Structure formats: structure tokens, C-alpha cells
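Here you go, one structure.
Chain nomenclature is as follows: A, B, C and D, assigned in order of appearance, with residue numbering initiated at 1 for each chain independently.
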Amino acid sequence: MIGAGRMGQAHARVLAGLWHCRVVWVVDPAEARASAVAAELGAQASSHLEEALQDASVDAVIITTPTPTHAQVVEAAARAGKAIFVEKPIAESLEAGKRVVQAIEKHGVPCQVGFQRRYDPAYQRARAMIEQGALGRLEGIRLVGRDPHPPSLEFLKTSGGLLVDMGIHDLDSARFLLGEVLEVAAIGGALAEPGLREYGLFDTAVATLRFENGAVGTLEVALRTAYGYDIRCEVLGEKGRIHIEYDRKPQLTLYDAQGGHFDRPRNFEQRFAEAYRAELEAFAQNLQAGQPLKPDAREAWYSLRLALAAQQALETGQVVQVAALGSLE
Amino acid sequence: MIGAGRMGQAHARVLAGLWHCRVVWVVDPAEARASAVAAELGAQASSHLEEALQDASVDAVIITTPTPTHAQVVEAAARAGKAIFVEKPIAESLEAGKRVVQAIEKHGVPCQVGFQRRYDPAYQRARAMIEQGALGRLEGIRLVGRDPHPPSLEFLKTSGGLLVDMGIHDLDSARFLLGEVLEVAAIGGALAEPGLREYGLFDTAVATLRFENGAVGTLEVALRTAYGYDIRCEVLGEKGRIHIEYDRKPQLTLYDAQGGHFDRPRNFEQRFAEAYRAELEAFAQNLQAGQPLKPDAREAWYSLRLALAAQQALETGQVVQVAALGSLE
Amino acid sequence: MIGAGRMGQAHARVLAGLWHCRVVWVVDPAEARASAVAAELGAQASSHLEEALQDASVDAVIITTPTPTHAQVVEAAARAGKAIFVEKPIAESLEAGKRVVQAIEKHGVPCQVGFQRRYDPAYQRARAMIEQGALGRLEGIRLVGRDPHPPSLEFLKTSGGLLVDMGIHDLDSARFLLGEVLEVAAIGGALAEPGLREYGLFDTAVATLRFENGAVGTLEVALRTAYGYDIRCEVLGEKGRIHIEYDRKPQLTLYDAQGGHFDRPRNFEQRFAEAYRAELEAFAQNLQAGQPLKPDAREAWYSLRLALAAQQALETGQVVQVAALGSLE
Amino acid sequence: MIGAGRMGQAHARVLAGLWHCRVVWVVDPAEARASAVAAELGAQASSHLEEALQDASVDAVIITTPTPTHAQVVEAAARAGKAIFVEKPIAESLEAGKRVVQAIEKHGVPCQVGFQRRYDPAYQRARAMIEQGALGRLEGIRLVGRDPHPPSLEFLKTSGGLLVDMGIHDLDSARFLLGEVLEVAAIGGALAEPGLREYGLFDTAVATLRFENGAVGTLEVALRTAYGYDIRCEVLGEKGRIHIEYDRKPQLTLYDAQGGHFDRPRNFEQRFAEAYRAELEAFAQNLQAGQPLKPDAREAWYSLRLALAAQQALETGQVVQVAALGSLE
């Protein structure tokens, strides 16, 4: 485990429950945090990355350090010949992302990026249905991604922007399910936190997407949602529509004199618990079986490119051609 | 229109909107009420049944008078050669019901009984699906019939009992969708209105049903439902299940910090508006086309027999063999 | 009744069922059609508008003639002092629409425009909830309007465009529930009927909307939907979200070895039957009570302006400022 | 781990993922199976119960051996002073169950019985809502428990009967949410597997329940369900109703020309995965915190008594007074 913060601990808890997996090292510059997590897991703690990377018994690393460190940490792990699981986004810029891809390909190590929605049972089923032709020719998508509460202003100032930090999940889903986006246009505002305006920041955005195959779609992303966490994805085709939505937690409805009432999911842990587990299971199983990892760093780079294009559209008010941002080829 | 009460007025409003239909007479012993309703419809009013029945321009009568008068009114209308629509139940006893059936058959007039659920789009679709074999062999049923508020004690004392007055709708649905019932057992109580106990009355009952084909089912009927009007019907077969439920009125959900919320239907007008319209449309169209009317008086008699058997089971605590109550053959 | 086509006949069937209402004249240039409909209703037929307008017993006219005739017919009816119900859109252009508004205001007659969704129980409940503050400050909207099948190419060439003929319903709902739109951007394509491209026509469009109050929203309109008729409207506010969707027709679910299955509504008659009835009931009742009619011609003109702006955005690929199209003031 | 069969392995996988927990011994008379499971867990294997019980480092045992062995195994573990988690039902008869309760109480060890539904988020939320008074006075319950496929005839012959082996889950839920049952009546049949009749076995049953507080309810249990696994629980009170149902897996709906379609859960692992995890988490956490375990052996004994009463009613066709079967007091 490289990084022992909130996401790292969540992954550690999952890993501890996977058969054939054992956490050997917990690495974090904050030594006390590393030690505490390591103690829980019966692992060793270190504040030095190289110490863990030199341990030949380590097969793979799980990287949950801050995004700007990804390129350097991935490079070191790749050099050491370790398999890599790295959180999304792969890097903070397309250039840094390119360095990550090159390091991985140069050292020939397997790498998986943490777009957990691709492992959610509903998204997986959608992809399988689409591949089996349930929708016929694909014609559209509707994406909604709403967080319950905005993060701190400090975080927002350095997060890369609403459509990069948060929208990248929805945009990666669009690529996973429908294909490549040609151009994107967006408008938005600071509706939940008007104070964001003075920093040129947005907490709400809507966009239109035009895909290579001619399909068109809409995207909505927001940072404050009174009714909880709301992630939806609808794919439209000539033969029908797939609708993904998690509306009810738990499986209970109360009916009283005011009508019917149900609880909604409030955060990503509630919505995607199964996906977070499944992506690490797949990582471990595919490594053991010598199968390729998915999504890999190249996939993640193209999703980052799309997110940066969308953010540019939002900030400039101009339609952005996605390919104009560059390519890995 | 024979009878100008609440149900009669509701039917009159529907009839006024059917093409090729015109209300000619409104008959009610309460002359003022007859006149008021007749004026609205551009019809003549009378307090004498025979006056309307002697009018040769009258093709059909809609009977919504109190149940104990059904036998006599139907007999008079049949003698006059009029087509008949009569509200459920066909009569207050199996003997009176038998007189109704005999009068209709003797005079050869068409007769339809007002089991409107048989004309609800969901029940019709269920029946069609079952006939097409969607469920395979039928194996069970689950019936729920809950009114929002109990009627007055005065009404309850003379209504024939919970499972006759109210349960007959659910039991008729059971016969419509699954077939004949062999035996019934029931328990219940006065949970909403404990004062009913001293009159031996029930406001809540649950029952088990055993069908001729071996299927078994449950029934729940109650007179007070805090969350509105709740009519459900599920039919089970070897290949699947059909579930009928009207849960949401209107087609709107509110999501807020407490979760999701929707309005429920509150009464039979909201739930069965379309069915009340459809049963009269079918009555008019089938008469004009010379097609048989459904459900007819014999059907209604057998549903009454089942309801009386269920009520007897509830009151005695004994399993009741339905056929023991007699037969029309 | 001015106009005895499909929409006119539908309205006539509803009117025939409203108490206190009687259809006196059916006017249509196609004499045979006028006569046939008139005969059903016990009304007189005419192919001359003035004949009916001169009848002093006529209180109101229902206009369902082709859109380009609206200005002239409304003007004649207003001059004759009749109350007016006219189908949407109020006119084919903002100039013709302005003439309609002026005629009505000059002659002081009441006028209602046929935006039936404003009378759908769900939209009405949404408006009431919003006015009661259930959502707090309004921040967004998501609109989906999908027809099952495209109309004929002949119709499409003269319909005024996808976002005028069809999108105007969704855009009117946006104004009804959220308020005025400042600017609109749109992209689209001919996905269902590629042959439309040579005529510069669209069968699919997605748009972003920016509202006067800062809210942002998305709109999707399409002419072919394999899974039926799909009209959705979601309004977002600081305190929550209202979701309007009619998903299931009838109230029945089939569960079998392949999972659960339900029928969807296939056309506007199934979805909005209640709204079509309610708008005419309101028309009749408000006229009788001397209450103002809603939505009136001015409302309809502003919805037309928004629809024309959206269509312009779709055709030009430019963001369109709605107010730039002019104003009634 | 005492018992390394299917249920034991499922529990072991969960335990391996709980922090602060470690599996030390895997005991199973089938030595190879014990060894295989132990190897996965890094534990020792044994075919002798006493070997593991004498290990002082063992704090607790998880017993998943066949029901008829429960009394003896629990007694041994209690004598050794170990905390106990034992699968439901606590024993095959009320007498054997009484011995279990006595052993536990004599040795003062904590004991939890595996009624996992009590740890399902929906059942837990229901209980909390009821305790907070959301339903007011409780008046009824509707229970449905349907397995997808019948087990083997060999198993059925020794399982204790449909309403004991399978119905005990629903009946325990009834006690958990509504309280004690006074009397039960039941009918049923062998509808899925007619061959069961010659052994006096049932694959389908419906029952009515009368509760101590006057409430009445229905229960349906079946062993073959074409559409999957169907567990429902509705609690009715004077103020409303709680409805628990898990209908859709995953969170995806397909809409096509035939309407809407969704996948259903097919087995208890899919439905109750979270509950199986939560009951062991609670077991571990409560042990560590010195809190009492729930449900305990007494609770389990009373649920067994109710299940045996229901089975007796089904087999005899007679109403059974639950208390007539005896008591622990």
C-alpha cells in the first residue's frame, strides 16, 4: 500500500478479505499513519517507498497518493518491476500522464487504474448488453454525477476543476459504454457556493457531447445535492435504452399518511461498495492468472484528455474538439 | 339510470361522455335528487320505475339502487326487455341472486354486473398474459384489498360483512384470474375500530384459499389504511408471477434531504377511474354490436357464493367448503 | 369546434363528457368530415367559419386548425367576441403570434392555449410543491421529450423544426416550472432517419439552457424511441429534486425466469389522457366562473420565442440569446 | 470454524476480511476439506473438535455443522468457555434446543444464532422505525419466502419440513418485527414437485398468523420460484406500512420495444450478502466490546417453537396454539 489515507485504508480493508492476498508493507510519509494501518493488517510500515519496492516478496502496489505524485511513484514501482494499481486520475496533466504510460510500457509491468464504476455490476451488465446488441446502433447517453457536499475551497482550488476531478468518472463511463467523444460544450455556475466565483470555480455544470459515431449526449455534474449522492447513466440506441440508477437504500419503503418514502444513498461508499471490492478482486485474480488488467494507463489517459477538454469548454464557453488536446500515438 | 346516488352519478358522468349514448330517464325515489341529476343530463326525471321502463326508446338500464332492491328492479327491467347493467353484489343472498339470474335468463335480456376491476387495464392484461401461457400452470395468488376509512357503523351492520361487501372484489378477481375456490379459512379482528367487536363485526381479515386446480393463496382485507387505498393482486405460476399494484399518484417523486417521497392513491375513484369508464364503454359497445356482456349474472352469483363462504369462515373460525353453499346448476 | 381532424375529434370526445357543455357547430373546410363529427355530437356542421361565429348561442371556440391558420381564425373569433381555446403553438412565427396576442387583447376575449402538460397532475403537483418551497432556490432542470416514431418527411419539412414543433412542449414546461431562459445552445443529428440530413432536418437534439435566475439545465428531444413515448422532467433546487416520469402502463409487472418486465406508454394519448381532459375542464369551468384562462396567448408567445431560439441554436451551432428574438413589450 | 461446508466457507471468507479476527483452527470430520480450507486461511486443520477447543488462543467458535449435531457441539464449546456463533436452527427439536440453551446458560458463554436477516440493513431499519413509532400500534404482517429451486428429495426428507427449515427465517422476522404469535393455521401442497406427496412433504404453503397483540398476518413459503429468490416482509400499523423487498439486481433497467426489463436476485447470497457480513462483524465487535450477542439461543428457541407449530398446522390442517408446544420458563 503506497498511501495510507482514506482511500488507501478503504482499499486495505478490501484486500485483507481477499483470499491469496496479504498486505506486506504500508508506505506513507506520515509515519504514524503508516504504522497504525500496518498494525491492523499485520504488515510492516515504512515512510520510504524504496524500502518496500526492494522487497522481492512484494508482487504489486496499490497507489493512493495525491494525484501530482502519481507519475513519480508509478515510475519507481514500474522500474522495480511491480504490478501497479493506481487511483484515478492517472495524473494531473496530459504530459504527466504520458510519462506514466511510457514508464509502464517501458518496464512492461501490468497496470490498472481505479475507475471503479467499470466494475460496478450495473455498468458491467450494461456493457455486456451493449456488446450483445441489445441496443442496436448507439445513439445517445445521459450522464448525471452529483456529489452530496462540496469539498473544501482549498481542495477545489487545486483539484483541476469540476469536470476533471469529478466529471472524469462520468466521462470515463461514456467512453466505456459508448465510445470516443469528438467535441464537448459546457455551461455552468457556482450555485451552491457563490463564493467560488471569485476563483473562477464551478460547482455545477451541464454539457453536450458529440461522439465519433454520431451519437449525442448530455452530462450534468454538481457538487451539492440535498437528496444525497446521485449517479446515473443512460445509454440510448436504436433498439432501446439502458438506465442505471441506484435510488433506494436499503430495500425498504415506508408508506404513511403522507404517501411513500424511501432512503437514498448518501455517498460513494454506499453506492459503489461492491465496485470497489470487485476492482481489487479483478486486479488480484487477473495478476495471478496472467490476464491483462483493465482499464489500463492508456485508457485512463484518454479519459483524462476528455475531462480536460470538458473543463476547457466550461471555462471558455467555447466548443472544444477533444482530439485537439493531443494523442498518445 | 335507476338510482341517482353517488355511484349512479359517477356512472352518469361517464355515460354522458360516451358517443352514441344518451341518458333518457333518471329514476330515484328521492324526486329532487332525480330531477337534479336529470337536469344536468338533459334527461327526464321520475320517481316511478315503471314510467321509464315503459319508454320504448330506452334500450338499457343502469341499476345502482341498494343491494336488497336488486332482485326486484332487475326483474322488472328484464320483464320490460331492457338490457341491464347492475352494480355488484348482484344480491344480498344466494337465494335472491338466484331469482335475479332466473329472471334474466327467462326474459333473455343481456346483463352485466359492475365488477369494474375486470375492466382495469392491468387486470385485463394479466388475464391475457395468463391465457397466453406466460405463467404456465397457475399455482397461487396473493390478494390485498384495503380501504382508507371504515364506513359508518350503521352501514357496516347491514353490509353483509367485511368479506362480502368489500372482499367480494378481490374474490371475484381471484375467480377471474385463477379459477374456482374449493375451500377458505379466515381469521380477523376489529383492530381499527375496537367498538365493532360488540356487534361481531370485523374490520380486518386474513384468509387462505385452496383452488380447484390445487393452487393456494392468501387474502387480506381491511377497512382502515393510513397510507391510502391499497389494492394488490399477484398471480403465481410455474413460469413466473404477475404483480398488479398502483403505488404512485401522480407520476412524480420528490427527493429531498429525507430521501424520496411519492403520493399514493387515496380512494377507488383515483385507482379505478379508467376501469369505471371502460366497463360502461364495453357495456354500450357490446350491446350495440350484439356481443355478450361480461361478467354476467351467473358469474356474479358465483363470486357472491365465494364471498359468503369466506365471511362464514371468518365468523365461525371453521374451514368452509365453498360448494357446500349451493350451486346454480 | 373549428377543425375536425384528429386533435379536434379528441377534444370533441372530451367536451361531450363535460357537464354544462354542448358542441353546437363543427366547422371544417372538409365538409364530409365536419358532418360526420357533427352527427356524432348532435351538432350542426359547416364549412364556413363565419356561419358558426355568428351564432349567438356559441360561447367559445376550440381551434385545432393547422398552425399557419391560427392567426386568422383567432382574429375572426376574437372579433366575434367568442372565448378561445387554441392548440399550441400559437403561431408559426413570432410576428404571426404577435398578431394573435394583439387581436385577443384588442377584443378583450379570454384565450387559452393547448399546452396540456400544464394540466397533467404531476406537473401541477410539481408547480405547487415548488411554490410551497419544497425545493428552495431553483437551480436546474432536466428535460427529455421523445416521440416513438418520426412523422412523415412532408410534415417535417413544414413543421418549423424539431425544437419548435416538439421541443416547445418541454420548453414550455421549463418556463412553467423554472422561469425564463436567457440563452440556449444545442447540437443534434439525423440518427433515426439519416435521409433527413439532405433537408437540413434533425430527428435528435440535445441542448443546454441557462436561466435568468442562474439555473442551468439540459434538454433532449428525439423523434424515434424504440421503447415508446418518453417524457421526463426533473427540477432541481437547493433542497431537493422533483422527478416526473410515467414509466409503466398498466400497473402490472411480469416476473419470469428472465427477470421483471413491464409495459411502457407508447404515445401521448396514453401519457396525457388525463391532462387533455383537465385542460378542457379548466377551460369550461374558468369561463363559467369568469376566472382567467391559463396559459394565455402571451405565455404561449414566450414559449414560442424560446422554441425558435433553441431551433436557431441547433441549426447554427451558435449560442442564442433568447431575448434577442424580440419581446411583446 | 467448526464445519467446513458451504456455509462454513462462506463465513470463513467474511471472517478473513474482518480486522482483528483470525481463523486459528478449521475443524471438520472430512479431513481433506478441513485442510483445504485451513490452508487458504493460514489456519490449522483438525478432524477433532476437542483439539481446537483446548487451544487457549481460541476466543470463539463458528458452528456450521449439521443441525442434529448442534446440541453436542455447542455443549462442548460452552464447556470449554468459548464464545459461540451457531447457524440456525438452533436444534432439530425443542428438547434438543432446550439442552443448547441450558448448556450456554450454565457455562455463561455468549452465544449468537445465525438469523442473518436481523442484520440486513432493511430489517434493521424497519425495526428502528417501528421502535420510533413510525407505524403506531402494530396490526399486521405479510411474509413471503420463496426459494428458486427445491433441494434434493434426500435433504427434504430429513429437513424437518418446509415451515421449519425454510419458514423459520420468515417466522423469526415476524417475531423480530411484530412480536409473539398466538396461533397459526396453514394449508399447502406439492405443486412444484408432485412426487413429494407420497412422502407427505410440501413445497408450497400459505398460513395465517394471529399475534399476541391482536395483529393478524399471512405467510407464504415455497421451494420453487421461476423468477428467482423472493423474500418480502411488510409490517402494517395504524399509521402506515413498511415494505421490504429486493427486486432489482443490478441497478439497471433495459427499455426496449417490449417495454422495461430488469434482472432479479436469484439466491440468498445475492440478497443477503451484506447481512451475512454484518452478523459476523457484530459478533466480533460485540464480543470484543463485551456487549451481549443477538439473537441469542433463547430467541432462537422461540423461533424454532413457532416454526414447529406452523409445520404442525400445515401437516394436520388444524389451528395450532403456539404456546401449547411448551416454554423455556
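The working rule: a residue touches a chain if its C-beta (ideal position, glycine included) is under 8 Å from a C-beta of that chain, and two chains touch if they have at least 3 such contacts.
Since the structure is predicted, the reported quantities are computational estimates derived from the model, not experimental observations.
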Identify the chain pair with more contacting C-beta pairs: A-C or A-B. A-C
With chain centres defined as mean CA positions, report which chain is farthest from subunit C. D
Per the centroid of Cα atoms for each chain, what is the distance between subunit A and subunit B, given in Å? 56
Subunit A and subunit C, separation of their C-alpha mean positions in angstrom: 42
Can you pull out the residues of subunit B that are in contact with at least two other chains? 226-227, 239-241, 247, 255-257, 263
Residue numbers on subunit B that touch subunit D, as the complex places them: 136-137, 139-140, 142, 144, 185-189, 191-192, 204-208, 210, 214-220, 222, 224-227, 230, 237-241, 317, 319
Write out the stretch or stretches of subunit D touching subunit A in their complex. 13-14, 16-20, 40, 120-122, 124-126, 129, 134-135, 239-247, 249-257, 263
Sites on subunit B touched by subunit A in the complex: 226-228, 247-248, 255-264
